[in-house]
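Okay, so subunit A shows up in both of these, paired with subunit B first and subunit C after.
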Partner chain A sequence: MPETLTIDAIQQWLNRFASEITTQADWLTELDSAIGDADHGTNMVRGTAAVVAKLDDGSTSTVQELLKAVGMTLVSTVGGASGSLYGTFFLEMGRNSPSSVQLDASELENALRAGVNGVIARGHAAVGDKTMIDALEPAVTVLSRSLADGRQLHGSIAAAAAAATTGRDSTEPLVARKGRASYLGDRSAGHIDPGAASATILVAALAASVGEGIAR
Partner chain B sequence: MIGIVLVSHSEALANAAMDLALQMVHGTQPPIRIAAGAAGGFGTDATAIASAIDDLATTDGVLVITDLGSAILSASLALEIRASTHQVVISDGPFVEATTAAVVGAAAGSSLADITAEASNALSAKKTQTLTAPHASVGNDTAPGSPAASAEERLINPMGLHARPASLLVQTAGEFSADVELTNTTAGRGPVNASSVIGLLSLAASRNDRIRIDANGPDASQAVNAVKQLVLQGFGELS
Partner chain C sequence: MNKLINSPQTLLADALRGFAAAHGQLSVDFENRIVFSAAPREGRVTLVSGGGSGHEPLHSGFVGAGMLDAACAGEIFTSPTPDQILAAAIRVDTGAGVLFVVKNYTGDLLNFEMAAELAREQGIEVASVIVADDVAVEDSTWTAGRRGVGTTLILEKAAGAAAARGWSLEKVHMLAERIADAGRSMGAALTSCTVPAVGKPSFDLPEGEMELGVGIHGEPGRKRVPVMSAAELSHVLAESITTDYDFSGKPVIALLTGLGGTPLIELYAMFAEVSDRLKERNIKVARSLVGNYVTSLDMAGCSLTLVGADDEILDLWDAPVNTPALRWKD
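And now, the complex of A and B:
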């Protein structure tokens, strides 16, 4: 019996993402004040709160619709690079999801991979550029490898979340090569990238929701 | 006429850049939309850019001009989520210079392809003027040959061939089918095509510099004469 992630579990993932972002907003803003414009926490709180409100209005009935609506909501409420990048992540996930009410493990893997590839294409960033890609790329790579090894979905997502955390922490010594932090040059080293930090929260929230929300 | 969308992190910056560029338009103004700021502060918003583009759906194409990094990112996402299907190009030109080139070019009725090239090349005037070596020349891609009509005049207006006279000259030359070129013979810069305000600025022509006007085409002598009159009248800046 394949493991599947229901639309309710996906909604739970996004609700959890929103509450974790709110909890850690000050930290995200602190990270952003070191190498950016000190608004990442505020912007993400505003965006994820809008997502929660959007999901609560019940206007989406399939996984594809839901993820696309999340993407558009983030684009129009977060602002700046983060809005476009998180928006692209969910729009691409939505485009690569079925018009059904659940995702099986391989559908989730495909959608996440498409989302990450969309972010890479949009921002022209690679691993090592000190961006959210440093957390997201290893997360989806580990997810795919773990599923291919025959591990279950919830264990594989937990491994992906651990990989995101490691990737996030790897950004600390890096010199930024993308975004406004890149204008700082060497002075951007010594700080965790705020985008990698919020992206890690996203993957961790998924792992927590998958652990609870899998229909077996 | 093509339309222009200005994408900036700052609404004040976008408005000022637009006003500065419009100073150089002396007839019908091109349609311009501003998509600036996000959530009441600095930032760019792909949905606002998309609706600005959709708003210009009846133009002959749209050039999107951006300021800092994420403006490009938001503009590229806007191209995906817009409702309209008309031609849109994201410029790689510098914000203020490209806005100037695009506004003047659009007002003169240039095509989207030509304006895209002008905007992209919009730093060349600044580069030429900051070169220490004399006789720098840009934009000379016209084959040499005998012009059908020529004239040489001295610039008499106090500020020389700055942006406003240059745009006036582009509009005047654009009224003729002849190909018009200008050379700053005093400084040895040019020739440059008179359809390009950026090219004309690269002549760095000051007061008292001598300017040669060459034209090729059926109405070459009328074109030379019209441009010559502009120069002789000091581009209307003498009073």
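And now, the complex of A and C:
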């Protein structure tokens, strides 16, 4: 029987994302104060708390509806560039998910790829620009490769999370080419990008939830 | 840092409440944080702008007859959200289309872009103009590009007048693009600003030093130098702007805005110098405006904006306007 990610596991992923963001909010803000405007932690806590509240109201019954609702909630509560980018990620995931109560491995892969492509299109960013794409792009690339190699979803998502972490750390020496950090020029080097850091938390939370939530 | 607030968390909501109380001719949507004009808009193009709060009177202070139809207020220094902007566009659109006036910051760009997509899905015609006039930032594909500052005000005034005269969206948009292309700004900070929720200055600027080319959110400038006199600073600002754009042979609209923490008497002393520097360069200032118009909370300092105009733009600038922060008759 193929592995699937149930709607409950997706909800658990988002709850875990919210609680990890809260735990690491000070760190995210610290990263943002070095090269941005010191509000990434606060903004993400506000947005993910709103997502948890939205999911708790039980108004969504399919994966597609749920992901779109998450996207709209983030867009309207996070603010700034991050709100629009995270919102686009989930809206595009939702648009590319089936109207069912679960995702199989290839459906999850397609949805994640669509989400990342949406962020790339919205932000006009590429790998190496010192943005969340530096974590997200290698994560979905590794996920696809791993699934194509015949590995299970659980192991593939874990590999994707590891790739996100490596991608996040790769932003440290980079000079930012997008967003407010780019005004700093060479002075943006030497700091991890806060968006890449929160995006890594997102992928790690998915790996943890897949580990627990797969129906076999 | 002493602040005249109830709490950082309620500051924006409290300010909007005060804005509504002070300006009964405007209507405020508190939930969506939008200020609406009561000016008639039957059948004409409408203008929506917005941005992070903390730059008052930009943008709410420029809502009213002959200027903006709606302004969306984001959190302090954080862009408004697409749903907010969409709500504004839906309410003011007459079927003639909406012009979004956007300052070039990544957050504003992305949120106005999403809002434009959502509005178009609902059948609203939207055009956007992006103001990127700050010469302190290197205009490069490797950065987010130049920031939007003072030209925004001049554009909102002239495009608002054009919309009031019944111009089509295409024509208002072309005018707005023309003004955005012909505007240049450069500023200097004598102190940092303090974001209330953060409670300490956004950057460290020791006594006796100033930051040249600072951004209106406390972004770093071109360089840090010992504090200059008004005369010395006027040379730097005029030189930076006029070497970036050729203002000769056309009438210029000049704006000297304080950044929030500099008294008007200093701004006028500064404008005297600026005016001399422009005369020395044979630049003809046809219209000018001095005061706190595009601010950065409590930052001390100023920013100079020049827009290369023509008779049409001057005529639109002179047209009647009735907003909280800008008001004149024919």
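Assume the second predicted complex is superposed on the first by the 216 of 216 C-alpha atoms of A that agree within 3 Å, B and C clash if a C-alpha of one lies under 4 Å from a C-alpha of the other, contacts with A are read in each partner's own complex, and residues count from 1 in each chain.
By our rule, contacts are C-beta pairs under 8 Å (C-beta built on N, C-alpha and C of every residue); 3 or more make two chains touch, one makes a residue touch a chain.
Small disclaimer: the values here were computed from a predicted structure and weren't measured.
Because the two structures share subunit A, they can be overlaid on it, and in that overlay subunit B clashes with subunit C. Judged by the touch definition given at the top, the superposed model places A:20 against neither subunit B nor subunit C. Judged by the touch definition given at the top, the superposed model places A:38 against subunit C, while subunit B stays out of reach. Which of subunit B and subunit C touches more residues of subunit A is settled by the count: it is C.
In the overlay built on the shared chain, the residue A:184 is in contact with subunit C alone; subunit B does not reach it. In the superposed model, A:134 lies in contact with neither subunit B nor subunit C.
Touch criterion met: A:75 reaches subunit B and subunit C at once. Of 42-50, 186-194, 204-212 or 222-230, the segment of subunit C whose C-alpha atoms clash with subunit B in the superposed model is 42-50. Residue overlap on subunit A between its contacts with subunit B in one complex and with subunit C in the other: 37, 39, 43, 72, 75-81, 83-85, 87-88, 122-123, 178-180. Residues of subunit A touching subunit C in their complex: 37-39, 42-43, 72, 75-85, 87-88, 122-123, 177-180, 182-185, 187.
On the side of subunit B, the complex with subunit A involves touching residues 9, 38-39, 41-48, 68-70, 73-74, 76-77, 80-81. Subunit A contributes residues 37, 39, 43, 46, 72, 75-81, 83-85, 87-88, 91, 122-123, 178-180 to its touches with subunit B in the complex. Those residues of subunit C whose C-beta lies close enough to touch subunit A in the complex are 74-75, 77-84, 105-107, 110-111, 113-114, 137-138, 142-144, 147, 195, 197-198, 202, 215, 217-220.
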